[in-house]
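You will see two complexes here that share chain A, one where it goes with chain B and one where it goes with chain C.
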Partner chain A sequence: MLPFDQLVVQIVNGLVNGMILALVASGLTLIFGIMDIVNFAHGDLFMLGAYIGTTVFFTTGNFWAALVGSVLAMALLGAVLQTTALRPLIGRDPLTTILATFGISLILQNYALWQYGPVPRRIVEPVSGHFQLFYVDYPWYRILVAVLSAAIIGGLYLFMKFGKHGIWIRATTQDRVMAAAMGIPVPWVHTVVFAIGASMAAASGVLFGPTVGVNHAMGFDFTLKAFVVVVVGGMGNLGGSILASIFISLLESLATIWVSPAQAIIVSFVALIVTLLVRPTGLFVPTPK
Partner chain B sequence: MSTVAPPPMTSMRALDSRATAERPSRAYWAGFVVVVAALAVAPLVLPPFWQRFVTEILIWGLLAMSADILIGYTGMVSFGHSAFFGLGLYGAAAALLWAPGPGWLASVWGVTPKLWAAMAAGLVAAALVAVFVAFFSTRLRDIYFAISTLVFSQIFYVIIFTWTDVTGGENGLTFRQPPFEIPGLLAVRFSGDGIHWFVLAVVVTSYLLLRRVTQSPFGMVLQSIRENEPRTRAIGYHVERYKIVAVMLSGLFAGLAGVLYALQNKFAAPDFVLFLISGETVIFTVMGGMGTLVGPVAGAAFFLLMKEVFSRIFYEYYLIPVGLIFTLMVIFVPQGLLGFARRALNR
Partner chain C sequence: MANRLTERWHDEPWARNEEFWYSGKTTRRRFIGLTAAAAGALGATTFVPAPWREAFGQAKPFKIGVLQPLTGAAAAGGKTALVGTQLAANRINKSGGINGRPVELVIADYESKPDVGRRKAEKLVVEDKVDVGEGGYLSNVCLACMPVFEEHRTVYMIGVCLDTTITTSKCSRYIFRPFDYAPSQAVAFAPHMVNKIGKKWHIVFLDYAWGQTTRDAFVEQIKKNGGEIAGTTGIPLGTADMTAFISKITGTFDALYAIMFGANAVTFTNQAYDLGLLRKVKYAGDGAVAESTHLTALGQKVEGFTGVNRYIPVMTKPLDTPHHRKFFEEAKVLLKQMDPTGPDPDRYVQSNFEAMNFLKLGIQKSGFKGREDSMKLIQALEGMEVKEGDDFPQGDKLLRKEDHQAFLRQFIFDIHNGKHRLLDVVPREKTVVPPACTFPKA
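Here is the complex of A and B:
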């Protein structure tokens, strides 16, 4: 006895959330694939990006300026974080990167609390229209967010596939030593990849900002979700993590038909555990030979 | 264990030093007695605030010590210790709130030993969670193990946070402190000093037990899993079984820490199941020195002291300097505060 209209609304919701999550997760998976760094602070980069977005938005009044400003600022911060905190850890156990980025996450989260206070802030959406989707007025802005996220991910894909520096990045992923031998500046590739990951997190933060309030604790939820997605999609696999983002978000959206949103998150955790037990290499990647 | 004849002095000096290092040195036990005596006297000389502070260090130290069994000795970083701690806490709370009143056990013992009922309930709750987590998570390694333990602890957090009817949801549960009882012998109310001594006794006993475990053949297998898992398997050890037991042991002692926290603070709240507690546990262990058992307690003391000092300067933003110091320690002092004494402490 599934109401058809509810189902459609939740599927649209799931797709939109999935695209935002994909934007966060693809940055995380890029960083993991290249540097073996499990970035525990990724959600906090997302959160800080959203906050920087609010600052730029309140000074300029322009949403697009906020998006660009936040992306640039977070790329810079990402580069600084990578060179200062993570570069010394290259070659050590990947678990030490969890510890270091966990420390960074504590710093960023409490910095945001100190700087912006506990009251959530809002960015006003640039497109305010709605359209009728069964029983709800669905905002066009959310559709725009999904499209923009897809465009950014598509841009990243094209860059990685055809751009000269994208090929450098892929070469470094495959074989760090060989890439260095061919004259690719591997340490700089690492820095740039972390900066790209951070700026993608910032972009999704600013895009997500108008749909909910921006607060200092929103990062952890996204860190956790992005982890789930990256593992379900196959660690370090870009296409897999995008598909997994959509899959997980759809599961959660559909679960909210029956349970509260707070409980719906358990569904994605269960999906993760099942994946880890049945197919630890990831659901959306070809079977490794 | 030390039935092997010591090899000739000249050829194998390294092995020889290990053979003589089998027995704990007199200096170690002297240090042990001094520290325990200092902790026992602490409540008599310290003002009430610092007295509570020392008790809390012991409780968090026990939690970190239990995590060290996994992180330091078996090489599995658990980001889910809050689940064991929290279930110990809620288990004890449940026993104190809803255990059958006088009359049920009274007919047998003459009293209702609420204290022991709370301990038993907390340990059983933590053990059940540990079985669950151990069964699934030990199939995974490294980062995957860490993420799966984190996810399990979040599952328990969501359940406790949303199951308001039983757990009190966000408000948690408050209850009365049970008296200290030895059935048939005595029953006295805990004084401030009393609870400290009780906690101290439990923590010291746990430390000696865990120390014994890490030095037993079982503990040696755990350390060999940390050093080289495929090789341990090749020698013929059933690695998965050892890991499952390690997680359960660790979970049980983490649950015990939860019970002690319940007894000291007389409330249970979902915040204690939140992953932040797991994160702090890992911080204690890494800061103090993995693989030393005492190190994590020192780490807990160091962290709580930093928290105390910095929260007077930076108020609620104390985690900014603490996070900074932690990150710097991970980069520059990965062996932790007591890491330099690792060999001496494990004798």
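Here is the complex of A and C:
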């Protein structure tokens, strides 16, 4: 007999974790979709965003200022990184961009250790209450994080759908050459997309910071999961990545009812392998007609 | 360092030679010669700081290979641990070295990975030709590196790794652990846990070598002291989000025992508090959960935590000694250079500091000159008893001959108003457990 309380707890957990993961993965998939760059530094942008959040939080004492400050700073850093390190590699073998982002990842990690030191930092959550969810005191903050993640992703969707620059980005995704021929400044679009991806990573870092403590290694685990999500959802497909995040997180959460959470992680990798074998373009990508 | 190098190489004799500056032609022979000279100067400056070179003249330094994770998941702990080693090396060199020879640290970063650790250990003994090894942080890396030191007949003085098997089933004559291990901690802390905190326990541990052996030691001692184990939960090292694990901890129990360290401990405590677990039961654990370096990140969430540790940064009796104060203040200066928040020293600083001092005493006593004298050094270290003092601010210690395991006093503490508060001191004699080691035949 399936224990109802555990089922509800794990579904809530799965949905909340799925939304947090979706925020991390959407930045990653956006960058891949537009620029064909597999960004190995995404987890480090997440981590550095959280660290910048701690600096702003320490100065202002305000969580929301930390969130906005970190997003803006990381958007700027993303733009600088794209212009200086990635733009010169456009048109080269994809392996060079992988190596470049891997190098950026190492630099950012060691910069964080040098600048902030090894001691974990803290951002205090703006909401500290909790509600009773059967046997668990579920924190409202995690619900808030899920809602904010949904709001940020929703905002990105509206921007892409209706905003002039969003339309430029979509046009660049569909056909880079034609977009350039139509007068869209493609290199500038690339820079803006990388900046948006970096700022989304930063937002996830600041939002997730209060629940884990900010440290230089906080991005490792999320990056791996985000890569799984991006493949399962369809490389470069924003909607697919969001659905895949929720799908993978729910699968993992439900699996923990029967097996240890350490073993439940296997479910994500099974989903990844099945996707690559059965539907390599992604589970949530419409079948081409 | 870069500035110092730039300033110093101008003063080197080869750089004063005008030919070097004004000759318009660079021959291959000159190029090779200058490169070798530059490499030599650079190497010497890097490994033996300039003031010591001047002080010791031509004395050949003792090369100590230091293995620490300075990048990767465990970098935070590795960097802190290295402070202890550097502090001891500075003091040794300032006071005239060991038997008139300075100490040179050859530092290797094993990137928090066992395979890299093994490779770096091999490089230290084969290429760098270190006289002895020191350090370690992650138990799985120590276990991976131990056979390398054994194979090359080099003494390895472990600075942090706590996995029980290092000095039991996998013990080696070349390996020493000059600080505590889980069976000792469990013997020291279990009576307090069962009699003063709660009878029924759930144990949460990091699911790798150290966590598993520590869990086993505590399960045994809790039961021996009349307590019960409601369940155990293993969490893989480096898990970013532990809510799935924590929300599975159900059932009735009085207290939770956490076997965690570093960022994992911070994540676990944060999330266990957020999910209400720490408000329902009492919270205790390995001292590594509440190291001084974590307290800022944990804030109110770790308040009331009770733990056992070989070292806590307090200045109350019996730790209010001039030796401890000196260690504390000097370590704090180095830690401030590493982290702008200037954390208090923790057990990683302390045990690496004392590991180096054990090596110093062993080398002095044995007349050790190099790796060929490893057996003399081993014999000098075996059964070595040291007294509390400048070199051993934590307290007296015995490095047992049978298994190369040290025994020392343990501190039971809680976190009160965001700081460590000493509750009890368990004397060294009450932490002793029988040896369980048979050294492999050489």
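By definition in this document, the second predicted complex is superposed on the first by the 278 of 289 C-alpha atoms of A that agree within 3 Å, B and C clash if a C-alpha of one lies under 4 Å from a C-alpha of the other, contacts with A are read in each partner's own complex, and residues count from 1 in each chain.
The rule we apply is simple: a contact is a pair of C-beta atoms (placed from the backbone, for glycine too) under 8 Å apart; a residue touches a chain by one contact, two chains touch by 3 or more.
None of the values given here were measured: they were computed from a predicted structure.
Undergrad: Putting chain B and chain C onto chain A via the overlay, clash or fit?
TA: Here chain B and chain C cannot both sit on chain A without a clash.
Undergrad: Touch test for A:276: chain B only (first), chain C only (second), both, or neither?
TA: In the superposed model, A:276 contacts chain B only, not chain C.
Undergrad: Let me test your reading of the model: by the given contact rule, A:253 touches which partner, first (chain B), second (chain C), both or neither?
TA: A:253: touches chain C, not chain B.
Undergrad: Determine, under the contact definition given at the top, whether A:136 touches first (chain B), second (chain C), both, or neither.
TA: second
Undergrad: Touch check for A:262: first (chain B), second (chain C), both, or neither?
TA: Touch partners of A:262: chain B and chain C.
Undergrad: Scan A:38 for contacts with chain B and chain C and give back first, second, both or neither.
TA: After superposition on chain A, A:38 lies in contact with chain B alone.
Undergrad: Under the stated touch criterion, which partner chain does A:110 make contact with: chain B (first), chain C (second), both, or neither?
TA: both
Undergrad: Counting only touches as set out at the top, which of chain B and chain C does A:194 meet: first, second, both, neither?
TA: After superposing on A, A:194 lies clear of both chain B and chain C.
Undergrad: Would you check which partner chain A:216 touches, where first means chain B only, second means chain C only, and both and neither mean what they say?
TA: second
Undergrad: Pick the chain B stretch that clashes with chain C in the superposition, from 38-46, 110-118, 146-154 or 164-172.
TA: 164-172
Undergrad: Which residues would you name on chain A as touching chain B in one complex and chain C in the other?
TA: 106, 109-110, 113, 220, 260, 262
Undergrad: Under the definition above, what is the set of chain B residues touching chain A in their complex?
TA: 77, 79, 136, 139-140, 142-144, 146-148, 150-152, 154-155, 158-159, 161-162, 275, 279, 282-283, 286, 316-320, 322-324, 326-327, 330-331, 334
Undergrad: Under the stated contact criterion, what part of chain C meets chain A in this complex?
TA: Residues 71-73, 75-77, 79-80, 207, 234-236, 238-241, 243-245, 247-248, 250, 262-263, 266-267, 270-271, 274-276, 279, 293-294, 296-299, 338-341, 343.
Undergrad: What residues on chain A touch chain C, complex-wise?
TA: Against chain C, the touching part of chain A is residues 9-10, 13, 17, 20, 106, 109-110, 113, 116-122, 124, 130, 135-139, 141-142, 210-218, 220-222, 252-253, 256, 260-262, 264.
Undergrad: Quick one: in the complex, what on chain A touches chain B?
TA: Residues 38, 85, 88-89, 92, 94-96, 98-100, 102-107, 109-111, 113-114, 220, 224, 227-228, 231, 235, 260, 262-263, 265-266, 269, 272-273, 276-277, 280.
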